[in-house]
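Here the chain labels run A, B, C and D in written order, and each chain numbers its own residues starting at 1.
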Amino acid sequence: MSSDVDQREVEFISLMLQKSVGEMHAEVCDQCGKCSSACPVSKEIEGFNPRQLIARVALGKMDELLADEAIWTCTTCLKCRERCPEEISPYDVILVLRNLAYRAGLNYPGGYDDFINGILERGFISEPQEVRARGGGKLSRGALGLPGVKGPKDMGVFRGIVEKIIEAGKGN
Amino acid sequence: MSEEPRIGVFVCHCGINIGGYVDVPEVVKYSMTLPDVVYAEPNLYTCSSDGLQKIKEAIENHRLNRVVVASCTPRTHEPLFQGACEEAGLNKYIFEMANIRDQCSWVHMHEPEKATQKAKDLVRMAVAKARLLTPEEEPEIDIHPTGLVIGGGVSGMTAALSLMNQGFKVHLVEKEDKLGGALNELGTLFPTNVKASEVLKPLINGVEESPDIVVHLNSTVKEVKGFIGNFEAEIESKEGSELFEVGTVIVATGADYLDPVGLFGYSEVQGVVTQLELEQKMKEGSLGDVKSVVMVQCAGSRIEERPYCSRICCTEAMKNASLLKEEDSDRDIYVLYRDLQTYGIEYTEMEWDAKRKGVKLVKYDKARPPVVTEGERGPVVKVWASLLNEELTIKPDLVVLSAPLVPNPDNKTLSQLLKVPLNRDGFFMEAHVKLRPVDFATDGIFVCGTAHSPKEVAESISQAKGAASRAGIPMAKGRLKTAAITSVVDEDKCCGCGTCIEMCAYNAITKNERGLAQVTAAVCKGCGVCGASCPERAITMRHFTDEELEAQGLAAIKEA
Amino acid sequence: MKYALYLGCTVQSDQYGFEASVRETLPKLGVELVDMDDVSCCGFPALSSVSVTGWHYLSARNLAIAEKMGLDVLPLCNGCHLSFIETIHALEADPGLKEIVNRNLEKEGLHYEGTAKVVHLIEVLHDVVGVEGISEKVKTRLEGVKLAAHPGCHAIRPSDLQKVDDAENPQKLDTLIKALGAETFDYPEKIDCCGSQLAVSSGRSTLKIAGEKLQAVQSYGFDGLVTTCPFCFKMYDGRQRAIKGAIGDRSLEVPVFYYTQILGLALGSSPEKLGLQMNQSPVDGVVNKILGDDE
Amino acid sequence: MGKPVLVIGGGVAGIQAALDLADRGLKVHLVEKSPSIGGVMAQLDKTFPTMDCSICILAPKMIECFRHPNITIHTLSKVTGVSGGPGDFKVKVLKEPRSVDASKCTGCGVCSEKCPTKVKDEWQEGLTERKAIHIMFPQAVPLIACIDRDNCLYFQKGICQVCSKVCQAGAIDYEQKAEEIDLDVSSIIVATGFQEYDPSELGEYGYSRFEDVITAKEFERLVCASGPTGGHLNRPSDGKLAHRVAFVQCVGSRSHQKGYPFCSSVCCMYATKEAVLIKEHEPASDVTIFYMDLKVFGQGFQEFVDRAQSHWGVKYIRGRPGEIRRNPVTKDLTVWYENTDTGEVAEKEVDLVVLCTTMISRPENKELADVLGLELDEWGFFEPLDPVMNPIETDKPGIFICGCCHGPRDIPESVAEASGTAACAAETARRYGQ
């Protein structure tokens, strides 16, 4: 943890995540299955089931859940959030679980590190590429007459702040 | 009737409903050719005030003593035409109707000639029967303005108080030494968590203070004879038995809780109790240090030997689970259920309340019920949580079984005594499941509360008032006109076999002192089952005599 | 009609066809676009999954820049759109979070108040420019072309924060397609997810999810698929060949377009100006049909 | 004989209350807002578990009301003012004009046949059309025609008058005015019933977008012999016989998000009955009920469900479908669901989907509650004095409630309660010296 992190911020962020867990309202879930029935991932990947995930939260099986790779296999289509009759939103519960898992240093897909590094290095997860044309050859932004990409003016300050917040989330 | 039949036939056009397809003038002309028909006329609408006036005029002008209307359905219109006959001084049972609309013009719209022919056939049949019709009487009986209520629980007391407030005397019979029934055992009642004793207090006070309600404690009903308005009930207590005359009877004998011996470790594993026992512990404050509880629903219900759902247990469990959480929010409470029977607004609210307090609901399968065994320190519950697709093992301090309500063991005796039926489960069975929920098929006897089926207090109270309304109706009138269309036994033909007694759904037939069938006209509904089943053809129905039906039948197949 | 144009990582890194066609068409409809300086990633889905606060910081930061410009912001990406509206909602609901965000923004010379609104491309075209505003400018009507609308998840869900279109029965993109003279009709997969967010954890499933939809679109007789989301486009267009392989359907051929590309064709722009040379799916047939070059 | 009793609402509950009171010798005013008494029960096809034809068992009671010397039926009427208290309520009833002279009309139906204006038939749940002058249904009580002025050419454009020309009874009366009646009653029974939730807001189920997604009440008309298809299960879109049918439970109920949070009490059982009806029509049909908790709490319910399963082969799947889709080519519907008991996520193709919609309160309850000085609960239902001890009394002495006006319940419970309120009214009549 960087030394200049405001302790208040750490506490606040950790409190916010705890609050989010409480706000999941998983305990009021009727286990109706409306979320899972239209979930594109449930259809495709065995073991991913937003309904069962909520049931586990309701039964207090958090440790088991945070270590479960399934929480990283959500397409964020938001159908579950849109339709949950009890307004529980498995999508939002999954986001909180992912945050908690990351905080706890548990397994998460490696791609996320690339994203984060990209943001910290240049402000964006990716750099402009040369794009293949259908008929052959490669085209750059410049070649197409598109303006150059400008990231944060002061990358140092930007990086410091973002890193601090991510680290603070990871804290204690 | 000694005088010669003089029949008038009125054929209705019903606008174009009949007239558009049936040649009405032709039917009128044809009617005049039928035996004993002295008058016939067409009407635009026989049922209009103009049409009814014409019937009355014709009765007078042509000295008619039988009337046939060929129009629509007797279901809606027969009483109207009968009324016209009565106003003209005739007995209403000399009236006969032919339905040439619903059963003729409407179904033969595309074949008017055949429709006309069929209308003639129907009129011919009606006339054939009308020739033989005789006037009938509707005798009246007196109704004794006293009710008998069997059962002194919340239903029985509510019914008794309502009858009293309607102005009747009541005999209230309770087998125990105090009033209150099942509510004496309970702690609080959902959905308001009112104390059961608070519910009982005003009822018991009301019943005990009323001079019009005679309470018979430690008593049972030994015998009930007679029929609506004129029952004679024998009430037996330690002091002996006494006879009372009552007009109506309300059965409110309640139900029992199943003793779930052998189910889910009950009486085998330490720390397994019933929901009722939990309530008593909570009421007495003797629950002790209980940190975790597992409730098991359907403990003895919705299974092959007891297929019905006991209706109240899920909400009761939600109530008790919430109360346990309120006492100590750290308590871990599981409810293992099959289908949660919390319904309607208030009971669904009980469910949310429990969930929001953190009560954990786990669904189990009928095919894989929870198993409760003795652990090192208390019971161990293993349950296949089908919604999670995994087995959970819980080690609670207490297992609470939601055992169903079961029929009162006295139901059998009482049902034989009152000659009212029980259903397959052993609860009392009403006359019609939808429209006569508190009546028995037998007039003058009613049912309410858990004697009928498991139900909660509010529903028992509504039903008890419903039964009191139904029982109050004949008593308020004081006299009752009984049906004219009843069965008549020809004692010369009756062999005393008793088939009719067996078949009668209304207990209208008994054996007389000579062992022959005897019809209590006041109770008979005129359904005809006895007549149809009598091997000696000793029973006929008034207004539907064999001769009348035979004549009508023969007329159907042969031209006059 | 003037908006701060927010490209987002995906569009500015490789979805040049989208960017080019937006820059080509919107001004023709009277919409002025102003490029944003100093912006960064919106935080979705990279940071939302690991640091909710970091995510809201990035989104708020971009919104603060639009605020400074005094303009409402038009993000080109559905993910960025969702990100922004979620952040607006989160900061409004939680003043403590807003305070932390602003304390840090100060260090970058920025401040978030919440005055800049977020608009979606579909809203700009359908609700602001309007169908009439579009159809009166159409030079080449796309007669006889049947195109399936695919607005993308985050354009229609969630409906409780800022509703772009009906979540279960979106019609605006359909209306926009019809405004160009093309045909379209409802099909059940319209509101389905492209599956691209699954690529991080399960590549194969991603392809299957996307493949099912493309197959359906083809089976209903559509000539192509139209979207406004770069994630969905990358999936359906860029990875169509991989999808064919993954689901073993060699007959799968669905031309995929950004809406602004077909809009541009209708408005008379050349395919090159609309970046159509970079579409990887077989779009030539449809383009030629539209331009009347049936050689 | 003392003062009469006012019964508001002419459905099965109001009818039962009125008959109980009239039979014991009290006069009753039965106020009904539509042109006929009968209520929702008259619209149902059959009733479980006996599978009695609903109208066949209700019609005799309706006619009994009509013929009863102690009952006055006020149709097209509503209560607009109430003052006084138990034993002496002064009531104002507003009677809308029928535009047909009730003393002359014989209910022959010629006017409807000749009327040129067709509008959606509400009684048939909009599945077919009726005329601007119409008799609500063949068993209507009173069996009298009624002009729907909003749709009548004469009232809207001053032309036509065909009904008046063809009515041989001379019953048409365009000049009829609304009239206000004053009643003096000892007590009031509220039995205004319920209405069906409109599932249009649940876009994922496609009701109002897909013609073959219908509500349970629409299904009752569709499967009824006196319904628009003569009881054949021709689906609305193309008339194809529906052999594969899915029932979706908890539509508009058990949801804090859309609709209502409570369980509607009756849907599991009516869906089971409707499923059995399909099987009775065509035993080879494929019928599935998607449910959350099977509410079998009433007498004989579990047994009825058991029989639906074992004898009729009705399938029950625990899971609330997430989406209903329609193939744009075949028009067939697909139900997306999870069998939550097994965790299997799947799709089922069907011809027809029946949404088992919840019972909700009538919007006009608010106005009536204001007139009566009563409170409504959060959901617009009338509130009892005490949910345990006084379930059919209200906090206004002399005013009682029964049936679905105070929450969803089934027919037997409504009927028993209706009798219960009759007892309360009889007690009131006696207490106030009548």
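The working rule: a residue touches a chain if its C-beta (ideal position, glycine included) is under 8 Å from a C-beta of that chain, and two chains touch if they have at least 3 such contacts.
Note that the structure is predicted; figures quoted are calculated from it, not measured.
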**Fill in**
Any chain touching chain B and chain C at once appears in the list A, D
**Request:** Specify the chain with the shortest distance from its C-alpha centroid to the centroid of every protein C-alpha atom present.
**Result:** D
**Most distant chain from chain B by Cα centroid** = C
**Fill in**
Check: interface with higher C-beta contact count, A-C vs A-B, is A-C
**Message:** I'd like the Å distance between the centres of chain A and chain C, where a centre is the mean of that chain's Cα atoms.
**Reply:** 20
**Request:** Let me have the rounded angstrom distance from the C-alpha centre of chain A over to the C-alpha centre of chain B, please.
**Result:** 62
**Message:** Counting only Cα atoms for the centres, state how far chain B is from chain D in Å.
**Reply:** 23
**Asked** Between chain A and chain D, what is the gap in Å from one C-alpha centre to the other?
**Response** 50
**Complete:** Two or more other chains are touched by the chain A residues 28, 31, 51-52, 79
**Message:** Give me the residue numbers in chain B that touch at least two other chains, ranges are fine.
**Reply:** 352, 387, 389
**Message:** Touching at least two other chains at once: which residues of chain D meet that condition?
**Reply:** 204, 254, 340, 343
**Item:** Pairs of chains in contact (touch as defined earlier), listed by label
**Value:** A-B, A-C, A-D, B-D, C-D
**Fill in**
Per the touch rule above, chain A residues touching chain D in the complex are 28, 30-39, 42-43, 49, 51-52, 79, 83-87
**Item:** Footprint of chain D on chain B - complex, ascending
**Value:** 14-17, 44-45, 47-49, 75-76, 79, 162, 165-167, 189-192, 194, 199, 202, 302, 307-309, 311, 314, 339-349, 352, 365, 386-387, 389, 423-424, 427, 432-438, 448, 452-453, 457-459, 461-470, 472-473, 476-477
**Asked** Along chain C, where are the residues that touch chain A in the complex?
**Response** 7, 9-10, 12-14, 16, 19-20, 23, 35, 37-41, 43, 45-54, 57-58, 94, 96-97, 100, 104, 107-108, 153-154, 157-159, 167-168, 191-193, 195-198, 200-202, 205, 208-209, 275, 277-280, 283
**Message:** Under the definition above, what is the set of chain D residues touching chain C in their complex?
**Reply:** 203-204, 206, 209, 325-329, 334
**Prompt:** What residues of chain A sit close enough to touch chain C in their complex?
**Reply:** 9, 12-13, 16-17, 20, 40-41, 44-45, 69, 72-79, 81-82, 95-96, 98-99, 102, 108-109, 111-112, 115-116, 118-119, 123-129, 131-135, 139, 141, 144-147, 149-154, 157-158, 160-162, 164-166, 168-170
